[in-house]
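Shared between the two complexes below is subunit A, which has subunit B as its partner in the first and subunit C in the second.
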Partner chain A sequence: MLNFIVKRLIQIPVVMLVLSLMIVGLTQLLTPEQRAAPYIRSEQQAARLEQIIEQRGLRDPFPVQYGRWLNSTLHGDLGYSKASNQDVIATIKERLPRTIELTILTAIPILLISVWLGTLSALHKDKFIDQFLRVLVVLGYSLPSFVVGILLLAVFYAYLGWLPGSGQLNVVNTFALGDVRTYTGLLTVDAALNGRWDIAWDALQHMILPALTLVIVLSANIIKVMRNNMLEALTSDYVRTARAKGLAPGVVNRKHARRNALLSIVTLGGFLIIGLLGGSLITETIFAFPGVGQWVVDAARGVDLAAVLGFAMLTAVIVVVVSTVVDILYGVIDPRVRFD
Partner chain B sequence: MKKVAALATLLALTTALAVAPKDTLVIQESADIPTMDPGVTYDTASGAITENLYETLLTYSGASLTKLEPLLATKWTISNGGKTYTFDLRKGVKFHSGNAMTCADAEYSFERNLVTNSAESGNWFISESLLGTGANANDDKTITWARIDKAVECNNAGQLVFTLPAVDPAFLAKLAYTGQSVVDSKHAAKIGEWSGKEADWKAWVGKDLTNSNLSKQPSGTGAYKFVRKDANAFLATAFDGYWGKKPAIKNIVIQKVSELAARQQAFLKGDADLIEGGGRAVDEEQIKGKPGVVWQDGFPSTSATAFFMNENIKATGLLGSGKLDGKGIPANFFKDANIRRGFSYAFNYDQYIQDVQKGKGKQRTMLLPDTFPGYDAKVNTYTFDAAKAKQFFQRAWGGQAWKNGFVLTANYRAGSVPAQTAMEILKKNIEALNPKFRVNIQAKQWSEMLASSKKGEEAMIVIGWAPDYADPDNFMYTFYSSNGYYFPRSNWKDTQVDKWLEQARNTVNTAERNRLYSLVGKKAYEQAPYILMPAPVGYSFMRDSLVGAEQKNFNPMISFSYTGTYWKELSKK
Partner chain C sequence: MTVAAAPKSKERTRFQEFWTSPATRKLRRNPLAITGLVITLLFGLVALFAPLIAKPSGNCLRDLNITQASEVYNPAGAAFWTAVFAPPESCYLNERLSFQQQPTKPSAEAPFGTVNGYNIFYGLIWGTRTALKMAFIIVGVTLVLGVIIGAISGYYGGWIDNLIQRFIDVLFSLPPLILTVVILTILRARFQSGAGDYDPTLPIIVASCVTGWAGYARLIRGEVLRTRQLEYVDAARGLGARDFRLIMKHVVPNSIAAVFTIAVLDLATVPLGIAGLSFLGLGFEPGFSEWGQLVDAARAWLKPEYWYVLVYPSVFIVLFSLAFNLFGDGLRDALDPKSR
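Right, the complex of A and B next:
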């Protein structure tokens, strides 16, 4: 087991190296002028284009530019992000916990709801509830998050006024945030630890709509897979045997069928969490939620190379770590899986 | 169902408190704030912050672009034939850090701008005034510490003295630019900025201050004090130790909301007082006339935009055959004034105003905003006139252009609908004149176009200029002088115009300058080096609870363009 984990963790630097080489290499297809674009915000600064290119060494050959990035990265400096107007490390430190918070609030409902509804759908195959859920799944799958997000905002914020709009806190609490000591970086947790339940509640309310958007959009796929897996399991030999032994239907469905149907859901869940931790680009942008996704959208739009590279490094870590966890979980669910 | 209803009431109760409080100004915009260091402030998003945290020696009086009034200075005298400026500084002014402002702080601020003068900053124009060159000491080796030190000094009476190498009529206007704000020298040196001494000046030459320590921990004399900036928002609060009148609004919040629909909803609900809109067409449709919204229209524009007609096109790719044989154009196609006049008569100005500016546009007589000093409304303008255009084309190139025709390839900035529409209007009209005339238009990335146009490789482009300071020289010299910034793009040289422009920047006599700029305008009409795009008409909108933002005190040189005022002038009812 330990061997397996260590082997996996060694992958991280390798993945990072390859990723960074590819990204820096790709940007060499852009002209120095295009790469200087993030430093230019006005016609007047454009007038200084040549000096800016010169100062940043954007005309240097690829190995020199890559070497410069690698050297500073190895010294723990991922550079300065134009998109967030601060260092990449500082940006990730500030924004990743926000994304983790949203991931927790999103991934758990998605997985629970999907498993529940998928099972329900399979157990009532072709009955009304199954038909109804199948329509919902098609809807959820085909609605893009920017439509769902804006729709939810229009209904629950603008029209009904039940939930707050975009952002992470209301105006008064934004100022009060200065008094909140940071322990974890997770706003709801920190606020609660400081005894500021009002801020925690406010932050939680602000996360309802983005989380709901993601639940609607991301559940569909998993429900569908769960339903199919479940159907397959229900018709398998061991389920028939279990039924023949005279076990209660509930026990058969839960212990024998569902447990086996869950295997590929764990894999899908891993991908779901990787995707959510990498930032929900569109949802975070619509709801002005200050996670990594919102930052990456700005960075990509502005050819902010340092930020894109920093984000790629972060993704490499997330992908390797989460997929390792998923593989370990496999062993928990299916005792036949061994790591050595 | 009961449960749902209970939850709904609970939610509704807590969010009812969220509406923007009376003592807080809430602004939502899409982009982040690049920097809070005045030493590198050169865009309006940063300027809108620094102009409220910091103060300059003097500022524009109300909406005026010509009248300057004291801010951190109390008065000033000009001597030595216009080459020495002596400023009396305000007493009893405190920085946000608690330090008292002295002449040493002002001296430090200007010297810091001259020393660093990075490519990202707007310090080149103060350097032009004080050192006679826009370059920093890395690019111009003649700049020594002695020269910088001598350019701005404190005398024994505690007055700030500027010594200019030559007369500069725009000098006072340049001082009103927020980049020339007075910074807290003791605080800056303490947090690791330049010490202000000769010892380490070299290390700071050309340094990009965008992410400087001072940008992270600003301390100015302004009416508002920086509180915090995070991924969500920028926060500022009224400064208790401010020397002037206490501002009516206590807190300022600038929230970052990238999505337009989300901003609009917050604005219409009253959760935001000011938001970044989506352009005139969108805002007129979705914001104007809604309850609680104040819409103001008819603001003057301070930018100037034109079609450039390059008289020496250096890229062969755009020239086709490179000859006047109906399959291309020669590199000096636009050298013939009759071609330029023909093009100028072929552009449909009214159609552009209707199609692009929704009827809100205004033709100018020269490439200078009509609110600027030196603008002459009496100079003639071109109108759309196919017959006249035809006449000039027939005369051009000894009749060859008309007889053989031409193929011109023009690029426009990708994504810019105004530029694209303008090009399409021109193309249609030119091609209608003569079946042998062809204009091909294609989109090009902005950054690429900036680079290629600078090298003189674009045949015809649409670009504009926005002012750094309210002086006509900033526009007239840029567009019309053969030493100006835009010359490599137009390659239009007129020795007489050059002479007038040099004279105008070397005299402080306003009447004489006006006369000279008027002469340039007339000559430019006659020579038609540019097709002048009609100027847009500005507008703004805000919640009706906001007081103090009116057309009569809207100053276009203020970076906070939602109201054209400083925050301290606003209040809420």
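Right, the complex of A and C next:
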């Protein structure tokens, strides 16, 4: 097990190295002026563009440039992001907690709902509720998130006016933010810890629509897999044995069948969390939610190379770490899995 | 539906063999899949005959060398054939009826209304053509790339296999949308820096292909590893067949079934992905006939009185995706021997 973890952790730097080689290599398609942009932090510096190109050696051969980029990255300097008007590292520190908050609020309902509905569907195979859920599932994965998001926005914000449409807080509350002391970086938790329940409630309200969009779009696949797994488990020998020895149907379904059906949901849950933590680019943009996803879309629109590169590195770390954790978890849950 | 009678003679045509094969029969008995197929084909017809449904105007008329829009309906004229099979680039630009930002109600001239002065009907009809054109190009290229690289990887094994697989690992360390956005950002900067209009078609195709081939390659590799060990491949090798012939004639055709269904489903997800990119402002520029553009335009007009700005594009996109998914699911069930 330890071997496995160490092996996977060694993978992180290797993957990052190759990935950064590829992306930095791609930037060689651009002019030195464009490549200098990540290092320009102010108007004055913009005036000295030629000097910066010289100083940073942006006309040097690629290996030299890459070496220099690697060096500054290892020293914690990922450059300056035009889209957020601050350094890339600072932007990530500021925005990642918000995305994490949205991830928590989204992933838990998705997993609970899909496991519940998937089980329900399998237990009532071919009955009305199963047919109904199957139609919902097909609808769910046919709906692209930008259509769902806009429709929800039109209904709940523009038409009914029940929920706020954009941002993380109402304008009034953004002024109160200075009084809120930061403990965890998660705004709702921090506000609650400070006793500012009004801010916590406001922040929560702002996350309902983005979370709902993601739940609608992302649940379908997991429900479907859960249903298939459950059907397979229900026809297996050990379930028949359990029924034969007279166990209550509820116990058989819950303890014998569902626990085994849950195994592959762990993997899917890992993908889900990776997708959410990497910033739901489209959903965050629709609701102007100030997480990493919205930032990178802004950055990509404005050809903000430093931000896009830094974000790519961040996502790669998230992917490798989360998938390692998922693999370990898998071994903990399922004793048949061995790590060698 | 049992139209195909029992074969009278032993010699059956290819079509009959296909029509009565177990997979086709299963597909024919699935009403949802058939509905999906019919709607998909309708979308195909809309795309092909876009010039006849949404009449050309403005520069498009000029480039087709005709003076009246109705001339396009005359199959004897050259304009008909050019418009249907090789319309000039200007026809893909959305018809702009005015420069008024505010949406106007559906009318005879613009059956689905206008937004920002653009004709929504024209945009949707020609957008279908854009979507399907891009889908076929991208899926075609990724399929060929994926099959070739996957086959080489699986067939030769050893260090080539290792190298290719590790490279795919690196590509997979970024979620597909994020990888596409990263590549697209750099390519956009590259092509925008030159003079003239920016045409996003090629960057989108390149970015999508770089992201897409790895999935196919993985799948084909697994299949090739399985089929490579079968006796008939050994027999062919014993007869002196070259590697290339072995791969192309014996190994790949027996591995392709699994990839085929995924390719069909990708024909639906690729246009949605492109629409998503355009929605984010990273794909086609405003004014190009494309679905994501129109949904993006609707973001500013969410009030109920402008319902047509949002509803028509949403219905188009969802219907397209739903139809393709229903057909793709049916196809997968039909081709999967386990569910027979």
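One rule holds in what follows: the second predicted complex is superposed on the first by the 303 of 340 C-alpha atoms of A that agree within 3 Å, B and C clash if a C-alpha of one lies under 4 Å from a C-alpha of the other, contacts with A are read in each partner's own complex, and residues count from 1 in each chain.
The working rule: contacts are C-beta pairs under 8 Å (C-beta built on N, C-alpha and C of every residue); 3 or more make two chains touch, one makes a residue touch a chain.
Fair warning: this is a prediction, and the values are worked out from it, not measured in the lab.
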Which of subunit B and subunit C A:Asn170 touches, first, second, both or neither: first
First (subunit B), second (subunit C), both or neither touched by A:Arg98: first
Subunit B versus subunit C as contact partner of A:Ala158, first or second or both or neither: both
Touched partner set for A:His256, first subunit B, second subunit C, both or neither: neither
Partner chain(s) touched by A:Val319 [first = subunit B, second = subunit C, both, neither]: second
Partner chain(s) touched by A:Ala288 [first = subunit B, second = subunit C, both, neither]: first
Contacts of A:Arg196 with subunit B and subunit C, given as first, second, both or neither: neither
First (subunit B), second (subunit C), both or neither touched by A:Leu49: first
Subunit B versus subunit C, judged by how many residues of subunit A each one touches: B
Subunit B versus subunit C as contact partner of A:Arg227, first or second or both or neither: neither
Those residues of subunit A which subunit B touches in one complex and subunit C touches in the other: 31, 34, 150, 153-154, 157-158, 285-286, 297
Sites on subunit A touched by subunit B in the complex: 31, 33-34, 36-37, 39-52, 55, 80, 82-87, 91, 94-95, 98, 150, 153-154, 157-158, 161-172, 174-175, 177-178, 201-202, 205, 285-288, 290, 294-295, 297-298
In the complex with subunit A, residue positions of subunit B that touch it: 8, 11-12, 14-18, 20-21, 24, 26, 32-35, 42-45, 118-120, 122, 124, 139, 206, 208, 210-211, 227-228, 230-233, 235, 237, 251, 253, 255-259, 261-263, 265-266, 268-269, 271, 445-448, 450-451, 454, 463-466, 468, 485
Partner subunit C, residues of subunit A touching it in the complex: 15, 18-19, 22-23, 26-27, 29-31, 34, 138-139, 141-147, 150-151, 153-154, 157-159, 274-275, 278, 281-282, 285-286, 296-297, 299-301, 303, 305, 308-309, 311-312, 315-316, 319-320
Of all residues in subunit C, those that touch subunit A in their complex: 166-167, 169-170, 172-175, 177-179, 181-190, 192-193, 272, 275-276, 279-282, 292, 295, 298-299, 302-304, 310, 314, 317-318, 321-322, 325-326, 329
